[in-house]
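Quick heads-up: structures coming right below.
Shared between the two complexes below is subunit A, which pairs with subunit B and subunit C, respectively.
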Partner chain A sequence: MSFKLLARSASRLPRLALAISRNSLPLASTYSQHSQYRHHSTKTVRLTAENYPDVKRDPRFAHLTDTDLAFFRSVVGDKQVITDSNDLAAYNEDWMRKYRGQSKVVLKPKSTSEISTLLKYCNEHLLAVVPQGGNTSLVGGSVPVFDEVVISVANLNRVRSFDETSGILKADSGVILENAESFLAEHGAVFPLDLGAKGSCFIGGNIATNAGGLRLLRYGSLHGSVLGLEAVLPDGTIYDSMHSLRKDNTGYDLKQLFIGSEGTLGIITGISILCPARPRSVNVAFLGLESYDKVRETFRRARADLCEILSAFEFMDRKSQVFASRFTGLPHPLAGEDNTDVPDYPFYVLIEVSGSNKEHDDAKLESFLESVMEDETVADGTVSQDETQLKTLWRWRESISEASTMFGGVFKYDVSLPLPKMYSLVDSVAERLKEKGLLSFEDSSKPVADAIGYGHIGDGNLHLNVCVREYAKEVEEALEPFVYEQVQANRGSISAEHGVGFQKKHYIQYSKSPVEIQMIKDLKKHYDPKGIMNPYKYI
Partner chain B sequence: MSFKLLARSASRLPRLALAISRNSLPLASTYSQHSQYRHHSTKTVRLTAENYPDVKRDPRFAHLTDTDLAFFRSVVGDKQVITDSNDLAAYNEDWMRKYRGQSKVVLKPKSTSEISTLLKYCNEHLLAVVPQGGNTSLVGGSVPVFDEVVISVANLNRVRSFDETSGILKADSGVILENAESFLAEHGAVFPLDLGAKGSCFIGGNIATNAGGLRLLRYGSLHGSVLGLEAVLPDGTIYDSMHSLRKDNTGYDLKQLFIGSEGTLGIITGISILCPARPRSVNVAFLGLESYDKVRETFRRARADLCEILSAFEFMDRKSQVFASRFTGLPHPLAGEDNTDVPDYPFYVLIEVSGSNKEHDDAKLESFLESVMEDETVADGTVSQDETQLKTLWRWRESISEASTMFGGVFKYDVSLPLPKMYSLVDSVAERLKEKGLLSFEDSSKPVADAIGYGHIGDGNLHLNVCVREYAKEVEEALEPFVYEQVQANRGSISAEHGVGFQKKHYIQYSKSPVEIQMIKDLKKHYDPKGIMNPYKYI
Partner chain C sequence: MSSKIRILVPIKRVIDAALKPRINKAHNGVESKGVKFSINPFDDIAVEEAVKIRKNNKDLVESIHAVSIGPSKAKDVLRTALAKGVDTSSLVDVGDTELEPLAVSKILKKIQEEQGSNLIIMGKQAIDDDAGQAGQMLAGLLGWSQATNASKVTINDDFTAEVEKEIDGGIETVRAPLPLIITTDLRLNTPKFVTLPKMMKAKKKPLKVVNPADLGLDLENRLETVSLEEPAARKAGIKVKSVDELISKMKELKAI
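Up next, the complex of A and B:
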C-alpha cells in the first residue's frame, strides 16, 4: 500500500487526491478489536471476592433458593433461566478478564413486562441484581461481584421504529450497536455514537454507561441525542418515556438520570434516539507534529477551519505508535520508503472530516492542511486515498489499545483533563515510574515497558496506558492514587467515558466534591432504597 | 429592497447570487421583539390571586417581617433589597402581562455565597422564594403568585472565563444572552442557543427553562451543551459542578435535573457551556409550498442534502404571513412586483444554512433548491443577497409573534407533535372555533380573528396562536382542554420550549404519564422538602 505523502513545506505540497466518497462509507472505527482481545489469555480469572477480600458480601441480601428459580422459570420460561456453570461463566467474567463473579443464575427475559415482574420479585425478596448488556465494561461494571442475579437484556433486540424525516430511532435496549448502525446505514442515517466494542455492546448499555467514543466531537453526548427512554425501576415500576419529540419542556428530564447510571437505578429496556443524516463522504488525514502545543494549535484551527465537517480529532504520542508498529508489523504511514520505522515526531494526529459533499470536504481539508503546514504547525502528513487507506490510518489509532497489552498486561486510565495540561500527566507518570526503577522499554526485568498517551483531544479525553510485563503490586501503588491525585489537582475526571463500575468506586472523590457525592448517594437511595441494583459498585 | 426571485420551474432558475459572508454576521433572530411587545398595553394587570381564586396561598409559608428584612439587608446591603412598591412592579408582573404577584421584597445578591445565605434563611423560616432571571417567561414561571420573596440574579453578571481552544464558556447565570453572544462573537464562537428575548433574558434562565429557540436544530439541546453548573439548593447547599470537561462519567449527571427545573429545585448561579465555532457564512432561503406534505418532504431532503450546514428550518402557514404582512406593512418576499399581497401558497418555509465556507454553502444551497424546485416539491422561493435581506426574510418568521396580538390578544400554544400530524392541530382548532361561531377574520364581532400555525419544523415544534379580539371565556373553554387532548392523543408535549410555569401546571398530565408525574413530584420533595422554591407552579 502506498500513501501519498504530504511534503514538509507548503511550497512542495502536492495537490491532494482524497478518499473517494461512498454513500455506504463507514465512519470512524471500522476496525473492531473486541473478539481478539477477549481471548488473549486462557488462564482462569481469579474471583473478585478473592482479589478484593475487603469487599464483603452484603449480609442483607438473600441467597438464591429453588423457590426463586421456580418463580423465575414461571416468568421467563425454562430456557431463559441459565444455571449451568459452564454457561454461566461468560456472564460472570468481564471483558478485561480482571473480575469474576459467582452468580448462580442468569435470566434472559423477552419483554419489559417480564423484567418488571422479575425486578419486583427480587426487590421484595432482597435478591441483588446485576443488569447486563453486551458485557463489554472496562471497569467491571457489568459482572456480579458475589452471587447477584444477572438479568440480561440480550433477548430485547428489536428495532421498534425509524422515522426517516426526523431521524428518530426507537429500539430495544438489547440491540447490538453494530446492528443498529447497519440498519441506519440502509436508511441514510448514522447512530450518533461509535466505539471499538460495537460488535458486542448493546445500545442500552451504551446509554446506561453514557458511552463516549469516536463521534462525540461531531454529534455531542448522549444527554443531547437520547430523546426518550423506557426503564424498569427496582420495585418493578415501568418508567415509559419513549417520546419521539426533540423538545418537551414539561417536568424534570428524568431520563437523564439513567444516562450514565450504570445499572444502579433500574434496567433500561428501550431507547428513542436522534440519528443524524449519514455523511456521504469521509476523509482522514494523519499528521506528525513536533510538540504538544502544536497539537493544541492544530485542534484550535481545525475547529475554526473545518468547523461543521470535523468529525474526529485524535492524538497519539510517539510511544503509542511504536507499540502499534510492533503489534501490527506494518510500515508507519509517515515513514519513508526505505525506513519503515516510526518517524521522530513526538506527536501524531488523526483528523477525520465527514460531510454531504465530497468536493467541498476535500477542498476544506486541503486548504486547512496547506495552512497548518505552511507555518509549520504541522510537520508532515498524509491523507487517505480510498476506503482501505482510511481504515488503515484509523488502525494506527485503534490498534493502540490491543498493542498496549503486548507485553503482558496494561493499567488503563481514561481521564478527562483541561487541554493545556492534558498530556503532562503521561510525562509525570513515566517519570515517576522511571524514578522508582520500574520502567524500561528495553530491560525486560522491569515490570513496566512504557507509559503511553493517546485519545480524543476534541473531548479533552486522555487514555493513559501503562503497559506492563506483569501486574506488580508496586506498579499499582506507584500509579494509584498518584494518577487520580493529578487529575483532581487539575479538576479533571477520573473516568471520561469508561464509567465507575467496580474499579473506580473508591476513587470517585477525586472527581466529585463531597456535596456532589452526597447528592449522588441520596439519589441512589431515593430510587433504590434496598440497594439491590448492581451493588458494590458506582457509589 | 429587491429580492432575486426564484423561477417557478427549474428550467427558468437563474444562477443564485447568495448573501455575502462576514465573520461577524449574526445568526438567526437578530430582530428582537421584546421591548416593544412588553409595553403594548398600559392597563393594569389583574392580580393572579384575583384571576385564579381557586389557587390559595399556602398557609404554611411565613409572612415577611421587619426582622427578615433586616437580615436580608445585612447579607446583601441596603441597596440590593427592594421594597418600594413602584420598583417592585416590574418584578411582580410578567412579560405577557397576564400574571401579577404581590411580593413585598426583591433581593439582588451579588454572589453565590450570598444566595446561599439567603436561601438557607428562607428555608429555615419558611419564606417562599421565586428565583428570577430576565423575567421573560411566557408561562408565568418567573413572577410570584402571592407574596413570595423574589431573588434576582441580575447582579451575577460576569463572564468568568472562555477557552478559545475548546470553546468552553464559564459565566454567571445573570449574564444577558445577547451580552454572552457579543462576547463570544469577538472570540470566533457562538452561543448554542438563540431566541427572540435575547436582549433581556439571562443565560441562567435559559438553562433553568431549557430554552429551545432557533439554533436547536444545529447545535442540539442544552442537555448536551451544558457541561457544568453551579447552583444553590433550597437549604443553602452550594452545588458546585462547574466543570470544563466534555466528558465526565463519574456518578449521576445531577446538573441535568436543573436544566428545565424552572427554579423549583434551587437557584442556578453559574454555567459552563460548550460554544461552537462561529460560522463564517449565513444564508437564508424563503420558499412557498403547496401542501404540508411538501413541507415535510422539503425538510427530509434538506436534512440529507444540506446536512452539516442546515441551521434552521422554520415553517409558517399562509395565515401567519397575512398577519405579518398587515403588521409590518411590507411587501411579501414572494409577492410579485405589482401585487404585494401574500401569495396563495398555503405554506412557507425559511431555511437557514451556515458554515465555514461561503462558496461551498452557496453551492450546496443552490443545488438543493434546484433539486426541490425541479420536481415541484417547492413552488417558489427567494434567497437573501446580503445581511439586510437576510434579516428581512427572518422578520417574516419572527414578527408573527407580535403580529398575533394585533387584534387585541393571543392564546399561545407551544407544543411538540410528531411531524406527520403536526399541522393538523391548527386546522382542527380553526374548524372547532368556526363551528362554535367564534372565529372570523372579517367579522369584528367575533372574538377570534384567526388560528395560525408556524414553528420550528426541524424540532417538531408547533406554535399555535389563536389571535383574539378579546380574552373571552368561551374561547378559552373551546380551546382548553381541547388543544391538550389533541396533543395527548398524538403523544406530543403540551410545552415544547416555553416550560410549565404557572400556566400549564394543571395540564402536565396531557404530556406525562401518572408514573412520570409521580417521579417528578418525588424528586421535587427530595430536593425541596419544605416546598419553598417557586411554589404554585410546575408540578
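Up next, the complex of A and C:
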C-alpha cells in the first residue's frame, strides 16, 4: 500500500464550515502570516563564512566539477539537480535568516537507492554533504556552511503503510509532519510528536534532530516511539531496520544512533514509528498567573489532578504574549471587557487534556480548574468551547516562535534546567543586555527588542529567545558563552531539543563530559571516516 | 409593550464547525457518534450581541433569556451562554429528534410568550442543516418585524432598532420598532473567550428543563429524508503544454 501525499493538505475545507468561511471567519493559517513577515524583510542574510571568519573551509574536501554534475544528473535526472542561484537561495538560508551557505548544487533524489548511489559517489570523491529536510533547524544544522552538496529528501514523500491494529506507521523521511498527521487522523491515530513547524518540517528531520515538541509530556521521546529506520551510510551502504517489533533485544540498538544524529552519520530515508490512538476528546485551558512559582505549583497540581489526561503543559511569559499579539493581531484570550491587550499577569499557561471520554475529561478539567482558581493559584483563565477556540488558544503558544523573529531575527536558546531555577535565566539575560545598553523594546536603535521566555514546563525545557533587530556581534558576545555558563552552573543541558548544529558546536562541553565527547567522536569517525557528512557542525 | 427590553436568544448545539461531517451508514443523516459538538457559530454571535446590547443600553434591557431545543447535552451550550452574561435559560429537551424549522419556530413562539420577550436575536442559520428558516418563520408566526443577516445593530431609546445588512456592493439599513426578530451574520461581532470565574458563577444561574410534550404543540416532522450523498469528487485538472493545446481543449469542452 502506498499513498502519494500532497505538498500541503491544509485546505480540506469541511462542508459545514463552508457557510462560515464564505463569510471569512478568521481562519488564516499561521504559515501564511509567517511568510508574509519573512518576505517583508529585505535585509540579505550575511554569509556564515563572513560572519564566522574563524571557521575555515576544510581543504581536504573537493570542489564541485562539471563531471560531478553530469554524474548527479545521470542518477537523479536533470530536473532534480538544482544549480540556478535563485533556486539555491532557499536551501542555503536557514529559517531564522541567521546563517547562509554557498552551496552550488542541491540534489533531490526520489529513492533510497538513488541516495545510496549519490552518497557513495560523494564519499569517494570527497564532496562534503548536507542532508536537508524541511529546513526548519533552529541551530543552523540544515544549511551548508561553505559549498557542501545539499541532498534534500523532499521527494521521498510517501506513506508506505499503516497498520490500524498496531498503530505502526511506515513512511519515507520526506513526508511533511502535518501531512503525516492528517493521514493518521483519517485512520484514528496520532503522530507522537507535534511542533510549531509542522507545516514545513519533515518526519525524517524530526528524527534526525530528535525533536521534542508539544506532546513529549504525553507520548515520550522519539527514542521510545521510533521502532525502526532505514538510512544510507556515507559509503552507500543501506542500513535497514524497518521492522515493526516493539521488543527486540538482539545486539546494540543501532537506530538510536540516528535519532538526534543531525545528518552526521548518514541520511535517514525511511521511518517505522508507533502511533498512539487518536484521543477522541481534546480540550485546552489557557490561564493567567501571578508568578513563576505559581506556574510550578499549577503544574504540580495538574499532574496530580489531571493525571492520565494531561497531554501538554506549556508556559509563556507576558513578553512572549506581547510578541504573539503583535504578530497575530488577535485579541488576547484573557483580555479585559473593553480592550484586546495582553493582561498584566506575568505568566501564562496552556494546558491540554486529551482522552477518550468527553464527559469524564471535561468534569476532571473543570474540577481541577475550580480548585486552582478557588485558592488563587491561578488568577484568571478560559477553556475552549469549540474546535476553533481550541486552535486559537494553541496559536498563542505556537506563534511565539515565529513572532520572535518579527523585528528581524532571533538568538534561540533551548535549554533544560531544573524547574525551580528555570525562569531566572530569562531575567538574568534581560538584565545583562540592559546593563550593556543593548536592549530596548521601544528604542529601535538598540539591537535587541526583548528577551522572552516560554516552553515545555512539563519537560523542564525553557526556550529563551533574544529577539533582535539585527544580528550584531556584540549581542552574540554578550550571550555566548554567558548563557551556556549559567546552564552548566545549574547542571542543565545547553540543547534540550533543537540540537547542536552549527550554533552550539563549540559549546557541547558545557553539557557533555570529555569521556562522552570522545565516544561521540569515535562513533562519527567509524561510520563517516572521511567526515563528509554535515561538516563544521555537531562535534 | 413593556417599557423595558426583554431579549430572547435561541441557541443550537451542532457538530463543531471546524470538523468535517460524515454521512452515517444509513445514509439518512450525519454521523454524530464520537463527534465534537459546540454552539452554532451564528448563535454564539447572537449571545455576544445580546450581552453587548445590554452593556451599551444599561437602563433599557431588563433580561436576557437563552433557550436551546435539543438533547440534554445541550445544557453545555446554555451554560456557556449563561457565563457570557445571559441571565436565565431553558432547555426544551427533545432528545435526539431533529426538528424541522417550523416545529422549532412553534416552540420558540411558546417560549417568547412565557418570557414576555420583545426582542429575539438568533443565528441566520444553523450550520448543520443550513435551513436558514427558523427566524423568518418565527417572525411570521408572531407577526413581528424581522431584520435578517445583521452585520450591525443599534438600539435606540425610543425602542426602535437600526439594523445593517451586507448586500452586494453595499449595506442596507432597515429600521423597525420592537417587538423585533434579528438574525445574525458573521461580521456582527467576534465572540470573546469566557473567563473561568464567569463559568463558575454561571453554574448557579437558572437552567430550566422543559418537556416538549407539555407545550401542547404539533411538532410532527413533515419531511422525509430519502437519502444523503456526498457530492461527487471533482475531477482533477490537467496541464496543457501550449496555448494552442489550451484552445483546442477548450473547444473540445465547448467552453469557447
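Worth a mention:
Keep this in mind: the second predicted complex is superposed on the first by the 486 of 539 C-alpha atoms of A that agree within 3 Å, B and C clash if a C-alpha of one lies under 4 Å from a C-alpha of the other, contacts with A are read in each partner's own complex, and residues count from 1 in each chain.
To be clear about the criterion, contacts are C-beta pairs under 8 Å (C-beta built on N, C-alpha and C of every residue); 3 or more make two chains touch, one makes a residue touch a chain.
The structure presented is a predicted model; accordingly, all values stated were derived computationally and were not measured.
Of the two partner chains placed by superposition, A:94 touches none, neither subunit B nor subunit C. Once the two complexes are laid over each other on the shared chain, residue contacts for A:317 go to neither subunit B nor subunit C. Of the two partner chains placed by the overlay, neither subunit B nor subunit C lies in contact with A:148. Of the two partner chains placed by the overlay, neither subunit B nor subunit C lies in contact with A:172. Residue contacts after overlaying the shared chain place A:381 against subunit C, while subunit B stays out of touching range. The partner that reaches more residues of subunit A, of the two candidates subunit B and subunit C, is B.
Applying the stated contact rule after C-alpha superposition, one finds that A:519 touches subunit B and leaves subunit C untouched. Subunit A residues 280 lie at the interface with subunit B in one structure and with subunit C in the other. The part of subunit C that touches subunit A in the complex is made up of residues 14-21, 34, 36, 38-39, 41, 44, 55, 80, 125, 127-128, 130, 185-187, 190, 192-197, 199-200.
Against subunit A, in their complex, subunit B makes its touches with residues 163-167, 188, 209-210, 212, 216, 220-221, 223-225, 237-241, 243-254, 256-257, 259-261, 265, 276-277, 279-280, 296, 299-300, 303-309, 355-357, 360, 363-364, 416-420, 456, 458-461, 491-500, 504, 508, 511-513, 515-517, 519-520, 522-524, 526, 538-539. Subunit A contributes residues 12, 14-17, 19-20, 23-26, 280-281, 285-287, 331, 333-335, 337, 358, 369-370, 373, 378, 380-383, 385-389, 391, 393 to its touches with subunit C in the complex.
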